[in-house]
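Same chain, two partners: chain A is paired with chain B first, then with chain C.
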Partner chain A sequence: MPSAALLGQSLLSGIFVGALYGLLGLGLSLSWGMLRQINLAHFALAFLGAYLTYQLGLAGLDPFLSLLLIAPAFFLVGIALHWIFDRFKVSPFNSLLLTFGLTVVVESVIQGIWTADFRRLDSPYTALKFHIGNLYFPFAGLLTLLMAVALSVAVWALLRYTDLGKAMRAAAEDAPIAAAFGIDTVALGRMLSGLCAAFAGVAGVAIALTYTLAPSQIYSWIGVVFAAVMIGGLGKPLGPLLAGIAIGISEALTMAVTAPAWAPLVSFSLLIVVLLTRTRRV
Partner chain B sequence: MRGVPAPVWIVLATAAFGALALFHLPAFYESFIYLCFFWVVLATSWNILSGYSGYFSFGHAAFFGAGAYTTATLANDFDLPFLWTLPAAAAVAALLGVGIGAVVFRMPRLRGELFALLTLAVTFVLATIVSNTRLDGGPGVYLSGVAIPRIAASPSTTFYLMGLIGAAATLWIAQAVHASKLGLGLFAIHDDEDVAEVMGVPTFGYKIAAFALSCGLAGMAGGVQAVFISYLTTGETFSIILPLNVVLMSVLGGTRHWLGPAAGAVVVTILLYAFTAGGHPVAGRAIVGLVLIAVILLMPSGLLGRFAPRAGGRARRRAVARAAIEPIPAEVEGAPLLAVHGLAKSFSGLKALDGVELEVRRGEILGLVGPNGSGKSTLVNVVSGHYARDAGRILCEGRDIGGLGAHRIAHAGIARTYQIPRPFAHLTVLQNVALPARFGRLAMDRHRAESEAMHWLAFTGLDSKADALPQDLNLHQRKFLELARALASRPRLLLLDEVLSGLSPTEIDHAIETVRNIRDAGATIVFIEHVMRAVMELTDRIVVLDQGKVIAEGKPDEVMRREHVVTAYLGRPHA
Partner chain C sequence: MRTIRFAFAILALTLIGLSARDGSADPSGEPVKVGSTLALTGPLAATAMVHKIVGEIYVERLNHKNGLLGRPVEWVLKDDQSKPDLTRTLYEQLITVDKVDLLLGPYATGPILSAMGVAQRFNKVLIHHTFGVPSLAKYDKQFPAWSLGPHPETTFPNTLFDALASTSKPPKTIAIVTSKFPSLFFISQGAREVAKTRGLNEVLYLEYEFGNQDFGPIAARIKDANPDLLFVGAIGLDGNQLLDAMKAIDYTPRFHFYMYPAPGPMAKAPNAANALAASIFEQHPPFTDDPVAAEFVKTFNAKASAAGLPYTQVETQAAVSFTAWQMLEAAVTATNSFDDEKMAQWLKTNKVNTIQGPLHFDGPNNYGDDLTKVKQVQDGNWATVWPKQWAAPGTSLRE
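Here is the complex of A and B:
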């Protein structure tokens, strides 16, 4: 059995990686649950954001400033994406295939520009960490957690308390009826799609701060983030974060107790169990 | 050209490619064509379940990998000859598919995207298990020591021939399924699984059968490919790229045509190779991605979509003779045709049926009336097996059919119509009507089912629309299509759920005449209707439901005068 300090540290790293799952899952869950678009390209966008952060970092730009550039730019990408979905009336299942095609294209573009070699953002924050007792808290992890919590709570409050949010929920529930009551569902859809893409950009900055980048890693996140989204409940803003942290912790503990290679078993078994037992909710 | 049956084409093409092996092509060409064959097998096998029935699997890598590691383990650790490992590879993959199918296909209302994610998750679970056990252990498995059978002079020719045989066998299976009863059932599942089940298609068994075939073929391809590349890693074997490529190839070629996935596979393999050979593999992948996007947006039915042959076999219209109506023998004595005792069904607390008691006697038209929400449609849904009952018994000629699957209730001779018509959107009107004849109580062969269908189309005045798709019919015609479908199975008991709603007065007159003709032909009918004129004219007896309970029963004109029946319909007077 590993020591208490090791377990505590795994717990912490589980929370931090889980926060990233939640951050990535937030946009995915919203677009699936409220726009009926299963957006695989969300992962590609996030990695594009990470590579842009890396590139801007090479140019000497602080990652926080990059964030201010990337998020609005990705917002526009999201709007463009929704325009295509709307124009061609893409069904939920075809959205999965279409965004897979898009993922492959983005991956190829990334590989074409930055090659398949590993890249690592060099910034003052990447190595920064704080010590409390035996435990250390990496700055990037804390920042990811903070952003994930802030965005999830903000979206939750937006949907719950504002007229805009209520209109979005009405449009998600039944678009034709919402339109009959004077809600511009297309404009709302574009806005939501833009928000989701912007969240992918935010997640990208978080990835760049924490991880070494390679184009093929786009695919390695799909399964576990989908698990967080399904467990958390589609279209529920707080769901992916809570489920993501639960998965992150269980993975980290599995790695500490057994071999690291067994970790994927936890998230995917969880996903299977959730899919089999809670089909009504998702 | 169109008169030549598909198997002949497959045999001719196989012979031509087989003859090519005699010319001793450079090993490079043989290996490239082998790769094309390999992707043809994978894409075509995927399509047998996913294209035909609409359950898109993202787990094809799991079954491919199961086959690959079976061959690797048997050949390396047990010294089994390579060819002997292939049936085992196919069997392991098929069993894995059956095991997964037995769990997931039991889930009610499993949506397509959930099935896709489930199968994807299974892939990663399997990959983790393989890489952490002795099957792989992490660093990968070498198969360079496996002896390659001397089928031909060189190993590359051997693989070429094995790929050719695999592709030919897979295509033959795919077209045979397409033309068979299994294929027709799978296409019906694709369009509307609930209705398919109610018409007598054993949906669970069919999905399992298609999944087993699909997985077994993928497993066999995995076994061959394992030795061809001679080095396996879990990362490469169980990658998400494989299912995505397979989906891309099938969607590109067209999933409703048995040859579609093969066409897509060849196009994509050549495209990828052309860019790789030109030194631009990354650009090649980007092009493939763009092609997928363009196909989904602009050509959703794929390259071969418009040439897709009709599911379940070629129609022989000219040979279709109109059979006379065989009257169903009226048996006067014995148990009632249908008896319902204490039937209950609740939807999260709401009691839709609350201890319903009723009997349907042979040869009668029983009217089932009641205000909206009284439980009439729920009763039809429970009796036809669409919903499971909570309590009570449903006896058909004394036999309890309450616990049976909907398709077995259909086999017992109970047919129904849907209040809102639910035709199979991609099947022609004739196929829509022939389907219940093939899958229903009498399980007719294709030829008889089609003449039966033509008979009922003529009976309902739809014979001129036999080759149209349901989308070309108006509401009146769709209602009659529902009726023709229910009749084509030659039911002993016909449940008509508001066949008249939404029709104009003249159309109603026509419909009343038709229902009367059906009864005169010997069928027993439960007639649910709000149009009181029709109820009064047609029914021998009525049962009134209110809030899930039977509140009255008897002669129509007498029952409808009773005070509590009037109250149930119109409310209590406030005077």
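Here is the complex of A and C:
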């Protein structure tokens, strides 16, 4: 019988890793649900963000300060990406192919600059942790959770309560009609794409604080994050976070009480159940 | 008179220059093509870079001497992208399109197995780098450069347990946590059996998928079991990720062993002190007492540094790669031919002096002895600690 400490620690681990799934899934969900772009390059951007955090860390920059550089820079990258999608009228299916190609290019660029060898950010935050009784709270995990919650709630509030958010939702629902009401759908699309890319940069900082980096790791989380996005609902800012945490906890508890090798089955089993039982569109 | 003196001076300088090149003539004629693939991209790329640098060093070394049988050596290298299926296609291409004279294997068990199938079909000798499951190497013209022995699943755990038995407080309980990656899984299964026969009490056994990213719950289970010895069937970054997860919950096992960790990141990890791993070569005496090894270490350190590798030391992968080239050179030179039949026959019946020591290939599936050693992270560096005759000067197994 697993001890309470083991279950508690596994639960925490699931929440923290689930928050990372949610953070990675946020931009992907918005881009897929509201811009109709299935952006596989989101993962590549996140890892590029992680490598930039590492590089800036080598130059002595605190990861929080590097966030102030990376997020705006990635916002511009997102705008440029959206301009390309618009200019060539890329369909959702083609966006999958195009962004897959872009992912391979970014992976090659990362390998070209930082080599295929492993890189680890040396930061005071990586080893920092707190504990209450038998339970340990790693700072990097807490930070990832905090950023994921803050960004997801902020985007949810933006879309729900502000005119800008309502315009974005209208443009996502029916762009021509929204345009007829005077909404600049092109500018809104670029802004949203920029935000999604900036969120990838934020996820990159979280990755750099927790994981050792290698270019091929870009592909590590694609399956599980896609599952979180689809379970959480496309274009729904809180969905990927909640689904990500649910998946993270399920995986962690599976690892705590049964064979850890069964954990990957959990996210996809959940996805299948949701797809079979959910009546509204994903 | 002055002209004659000048001519003599030129002649003398030329002779000095020639003697500086080991007394051998420059290789000439049509190049000898050696074909191989490496995982230059994809998940195995970090290690393949090591093999690429070693290959370049060796080809340069050969061509600086007399090439192979007086002909210059050209290395035809293709990127198999860490994919065994692509490896198969590329080896076919190397033989049928590039018309290579000799083959060298890729790195890692899956791609090597693919290359072995092609070599068998074309009846070519295949000397390969790090093939982890000797029982699968059925082709009679394949030769391993990694001196694992035919049954590493029992020989190596015995070596490790011997090392630990020599400590002041040998472990009584063991936790085995292993990736399902084939070459690790079978060693871990062997370790379970050997541990049982040696009276170690198994308090935890876990398997996880290759590529697992969340080691938090696994670390919590290890802490719960609190074994004297943690045996991790780890490859690449697994070991570091598990170490990080254990550190996050303030836990370090008394003894902890990782099968094939990423050497650089683990040596430098702040919580990796005293971590144990398997090795066949480390760049310290007595390994570097061999002048060839010493020269190779020096060159590799410089080239790896120039290539931007964060960890520039020679360890198992680089040493195995160098050994493979040594075996190829020895077989060609001894048989005075590029004939696969002759080379295979020679390798089966002779010893090859390598930087790992003398290797022979007359055992099951052309495997010789298991020369694997145990190394340990000590003060941020790897040091061989067992067998004692291979221990780094002034070091012993730390508890």
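Here is the rule we go by: the second predicted complex is superposed on the first by the 278 of 282 C-alpha atoms of A that agree within 3 Å, B and C clash if a C-alpha of one lies under 4 Å from a C-alpha of the other, contacts with A are read in each partner's own complex, and residues count from 1 in each chain.
Convention: a residue touches a chain if its C-beta (ideal position, glycine included) is under 8 Å from a C-beta of that chain, and two chains touch if they have at least 3 such contacts.
Quick caveat, the model's predicted, so the values are computed rather than measured.
With the C-alpha superposition on chain A as described, chain C and chain B clash in the combined arrangement.
Legend: residue contacts after superposition of the two complexes on their common chain; A:His131 is shown touching chain C, with no touch to chain B.
In the superposition on chain A, contact of A:Ala259 is made with both chain B and chain C. By the touch criterion defined above, A:Val17 lies against chain C but remains apart from chain B after alignment on the C-alpha atoms of chain A. By the touch criterion stated above, A:Phe88 is placed in contact with chain B alone, chain C being left untouched. When the two structures are aligned on the shared chain, A:Ala154 is found in touch with neither chain B nor chain C. Look at A:Ser108: by the touch rule set out above, it reaches both chain B and chain C. In the superposed model, A:Leu275 makes contact with chain B only, not with chain C.
Note on the superposed arrangement: chain C collides with the chain B stretch 135-143, while the other options among 9-17, 135-143 or 387-395 stay free of clashes.
The residues of chain A shared by its contacts with chain B and with chain C are 107-108, 111, 259, 261, 264.
Across the interface of their complex, chain A is touched by residues 56, 103-104, 107-114, 116-118, 120-122, 124-125, 127-129, 131-132, 138, 239-241, 244, 247-248, 251, 282-283, 285-286, 288-293, 296-297, 300 of chain B. The touching residues of chain C, counted against chain A in their complex, run 40-43, 45-46, 48-49, 82, 180, 206-209, 211-214, 216-218, 220-221, 223-224, 236-237, 240-241, 244-245, 247-250, 262, 264-265, 268-270, 307-311.
Within the complex formed with chain B, the chain A residues making contact are 38, 84, 88, 90, 92-94, 96-98, 100-105, 107-109, 111-112, 219, 222-223, 226-227, 230, 259, 261-262, 264-265, 268-269, 271-272, 275-276, 279, 282.
Residues of chain A that touch chain C in their complex: 2-3, 5-6, 9-10, 12-14, 16-17, 107-108, 111, 114-120, 127, 129, 131, 136, 138, 141, 210-212, 214-216, 220-221, 248, 251-253, 255-256, 259-261, 263-264.
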